[in-house]
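The following blocks contain the structures, represented as structure tokens.
The two complexes that follow have subunit A in common; it is paired with subunit B in the first and with subunit C in the second.
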Partner chain A sequence: MAASETASRPGGDRGPWLLPIFPTIMIGLFFVIPFVLIVAVSVAHQYPEGYYEPAFELTHFRRFLKSIFINTALFSVGVAALVASICLVLGFPFTYFITRLPRRAQVLWLVYILAQLSLSEVLIAFSWQVLLSKTAGVANILVWVGLLEKSVSFYPSFGAVLLALTYLVLPFSVLILYPALSRLEPEVTEAARTLGASPVRTFFTVVVPIMRPPIVATGITMFVFTLGAVLVPQVLGRPQHWTLSVLITDQAVFQSNMPFAAALAIFLLTLSMALVGLTIWINRRYEVKA
Partner chain B sequence: MSRLLRNIYMGVIALILVAPLVVIAGISLNATKFLSFPPKGLSLRWYVEIFADSGWFSALQNSLFVATTSAALAVSIALPIAYCLWRYKILYARVLFSLGVTPFVLPPVIMALAFLLFFTTIEVHGLMINVIIAHGIFLVALPLITVSLGLESVQHEMIEAGQTLGADDITVFRTVTFPIVRPYVISGFAFAFVLSLNEYIIAFMTVGFTVETLPIKIFNALRYGYTPVMGSIAVVFLLVNVLVFGLIARFGDLPKLLGAWSAQDE
Partner chain C sequence: MLDLSLIDITKQFGQVTAVSDVNLHLDGGNMVSFLGPSGCGKTTLLRMIAGLDLPTRGHVRLGDRDLTHTPAHQRNMGMVFQSLALFPHLSVGDNITYGLKIRGTSRDERASRAEQLLELVRLPGIAGRHISQLSGGQRQRVAIARALALEPDVFLLDEPLSALDANLREAMQIELRQLQQRLGITTIVVTHDQGEAMTMSDLVVVMSDAQVQQVGPPLEIYRRPANTFVADFIGTSNLLPGRMEAPGRVLVAGRSFEISRGGDDVPPDSEVTVLVRPEEVHVLPDHQDGPNRLPGSVDFIRDIGATVEIIVDCAGEKVTSMMTPKDRPSAEVGAQVTVEFPAGACIVLRD
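Moving on, here comes the complex of A and B:
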């Protein structure tokens, strides 16, 4: 910034630089520095007693390559892909229907979806634990209907983890699909209907193809969001159903192995950043075309 | 026919979404100390317990305090960035915007670990201010997005008109820009408030062993014995969420905030 420019309008040209000084300090201090710390700690030296010292070693990344940890990573990726697909299949038609409702009804749905979406993961894990329990769960209804001889607990199990994760992520998929679907002009589907296509056919041959980029972008976002679940796999699954997020928490808090937790976090971070970058790219291309 | 199918489909999804919460609501009305559904006898004692039991009540107070202050912090960080980006369109503001959005996009455990490492390194352990700062940074994205949306609806002609009439930047901001974006600032605050109230993992990793927020206390209770209070808290939380988002919808344009066309565009 040249002095002559600032002189022309006192204080005016420094404004853009001085204005965000508080945000710069806060973000620099509490976001950038902690991030650099993750990188630094991931190559630090860990002592068996549970503390670490600055160093440069790749032990923790190498340890990650051991089969049990790689299995956790593969399991996380697999379960996230599965949950993302289920949420798309269930959530896409659901969101499409919401966008075709009168505006008032849409808003009511959105309020509910937002409320459930924000509900603490602790409470969702707890709700499903109760719902799948022996004493107060659906098993009792099944006994009552006669489908089960006597009440059983459906957790811990992979099915319970899958169910609760889907429940956790589904409202999120609705929220992300909503803007794109609400911008879909009714004329497009009306044209297909006028030409004689059934509503179902219109949905699959017109709506889905137009929406392919947002569908893909939403799927990837759901994937990243599922990777973030920490409590559901712990509460409703067995240790083999743990995801990377659970493993990171466990290593950092209960095993006191910060460097290993940091190395795992860097892996998760790289994966998520790459995927988020991909969705931004897809959305940008889609917007240019639209 | 297709309308019927559509309604059935929506009904089934709605049922799946609501079912666990209905069971929880049922449990919270139990007259006995055991979790049973359908409830054995009806009573509101587990709602009274949130306020009567000092442990639950102090967790509630902690949660409300952290949510209010961290949402205010998030707004105070977001507002200058969004304004600067909108007003001057400089790269510096764009970089800050991206940095502000990033924490919210990543799996929260990454931020949780980052904060844990940071606060252990500077040796400030388990203070409430830690979780306030952590939530504030984590949730900057929400007011950042809502305020930016609001600023988009301010016409640059209005700013120029103000300047022509001799008003300086601050006066223009105070009298023209801010009144227009105020609802978006409030929405951003409300989004951040609700998410902070419900957040677990960052709170746990920053202050989990010293300050009990409600989600932390519930998770501890999950491991060391159930009580129907957990059910009543779940119901209260859901109602708070519905209330806050309902208010946003009542006084603002919720579909627009979520990125859809606004009512006026239609």
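Moving on, here comes the complex of A and C:
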């Protein structure tokens, strides 16, 4: 059917086929080939001198059965889930608040949040390092107002890692939630009001449930973003606060063990894909039930 | 049923005045229409009654209670929104009983209430369905059932039928009116459709430019419009410019017309408008002189079966006459005719 229809249009039949070829080639070049290379390197043979040769061995994959890597992986997942949750708890009400503002105020807020994205992870990590330091940090202000005896350094600590990671990914959560929340009809919340629901009740019984799909999408995105953060845990955390991404960087750059770094990267990728898949699956089941 | 009073209500959005000094007293148990073109302030007025907008000045009273500062969720008013605003994440039954759940009604009672309300709107047995599975007309009914679930003091509807196609809309107008009469609930409908207002209401409030132009029963509004805006907005009208000669006499297009209604308080020599409804205008063949008659030529004939509309050009004024086919004169387009405006059908309106 479709074939005969396209054939009947002289000259135009190749257009629809040619169109996706360019993007397909680009994706192939920039995503598939590097991934294949990573897979190839992860099974290569590593020499103690720090170089590797093509081979097929699973030594590197066997290595993370050692508890340190399993622990780091679990810790990374936990941190990422925690940061994603904090982002939703803070970002969702905040974004909802923005969408209820007049148009001009909304634009100003969005410009401000977009501007935050120009700060790289490097800048954010080192800025927080300064802010949390003993000599130039917020501790001095706390001493000044009398909340602290003398200035202290708030890093390295788990709190510092959490704070900076949240700061890093929060703007993204607002930008992902904004389109969905701004499309929420005000009449839907007003209907809940006329039916006796207070504003807070309306928020939890109408706004949040209607927005479940964008909330899930944002949670997943924040989770994956946080898993990929390298500098913040390294700069603001103790070695036990290092995530899998830090270990991968460490193996690749400082230990010169490319195959093991590649194997860890594949493990991280598989882990996040599995968790994202699980979330989507649970979400689907919930949707079918509802 | 409690009476609803709006006292000196004014609403300003920045520099724009949406509603200006509205005073209305609506009897309990009546069905009232707020009728007017878009942007006349009728929806804003309704939203102030519901508590979704706060008036800049004035008071809303229900019975002897002042509701002006009562938040929307404590007012007990059922509202059907223009977009219907059904909750997409809930089933039909859960939509209808949302308010009951907020009040802490038990699950069993909610289920039986939902079924009861669905029967009321003639949709029995669909409580378990999802909103996305319903047709436009069904959604309409679910929205009505939801608004009635809490047995509200006042039932508010904002352009409730505008999304439906013409046939369904007319059927729903009658059904809504019958439902309202059966429940005896004070009801306010916002509409821009005069037919809808005429069909459904005990009282019509005609609005334009943020102000109430006239309040009255539908037929009175049609027969005795207070001004040219109301005359033009309700039904089709022939509006002829004239000059007051003496009480009961108006000069129209150089001829003296006898007028039996209106203009008693208009001083002679002032500019007025004479309103004649098309169904009262007679078209006679050829030129026949006489009182309340104007000569003219037929401009257009619209014969749509049940009625015939003849548009006559009387020295630049387009006059529309509507009649049944059996009264139709044997006139063709371009023919010279005489248009008669019976004295009893002419109403003088001050500009």
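Keep in mind that, in the parts below, the second predicted complex is superposed on the first by the 240 of 290 C-alpha atoms of A that agree within 3 Å, B and C clash if a C-alpha of one lies under 4 Å from a C-alpha of the other, contacts with A are read in each partner's own complex, and residues count from 1 in each chain.
What we mean here is this: a residue touches a chain if its C-beta (ideal position, glycine included) is under 8 Å from a C-beta of that chain, and two chains touch if they have at least 3 such contacts.
Keep in mind it's a predicted model, so treat the numbers as computed, not measured.
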First (subunit B), second (subunit C), both or neither touched by A:R201: second
Which superposed partner A:A192 touches (first subunit B, second subunit C, both, neither): second
Chain touching more of subunit A, residue-wise (subunit B, subunit C): B
Which superposed partner A:I210 touches (first subunit B, second subunit C, both, neither): second
Touching partner for A:P93 - first (subunit B), second (subunit C), both, neither: first
Which of subunit B and subunit C A:L58 touches, first, second, both or neither: neither
Contacts of A:P171 with subunit B and subunit C, given as first, second, both or neither: first
Intersection of subunit A interface sets (partners subunit B, subunit C): 198-199
Contact footprint of subunit C on subunit A as seen in their complex: 185, 187-188, 190-199, 201-202, 205-206, 209-210, 212, 290
Residue ranges of subunit C touching subunit A (in the complex, touch as defined): 50-52, 71-79, 81-83, 85-91, 98-99, 102-103, 146-147, 149-150, 156
Touching residues on subunit A, where the partner in the complex is subunit B: 12, 15-17, 19-20, 22-24, 26-27, 30-35, 37-38, 41, 90, 93-94, 97-99, 103, 106-107, 110-112, 114-116, 118-131, 133, 135-137, 140, 167, 170-171, 175, 178-179, 182-183, 198-200, 224, 227-228, 230-231, 235, 244-245, 248-249, 252-253, 258, 261-262, 265, 268-269, 272-273, 276
Subunit A-touching residues of subunit B, taken from the complex the two chains share: 2, 6, 9-10, 13, 16-17, 19-21, 23-24, 27, 34-37, 73, 76-78, 80-81, 83-84, 87-88, 90, 92-93, 96, 99-100, 102-103, 105-118, 120-121, 133-134, 136-137, 140, 169, 194-195, 197-201, 204-205, 208, 214-215, 218-219, 222, 230-231, 233-234, 237-238, 241-242, 245-246, 249, 254-255, 258-261, 263
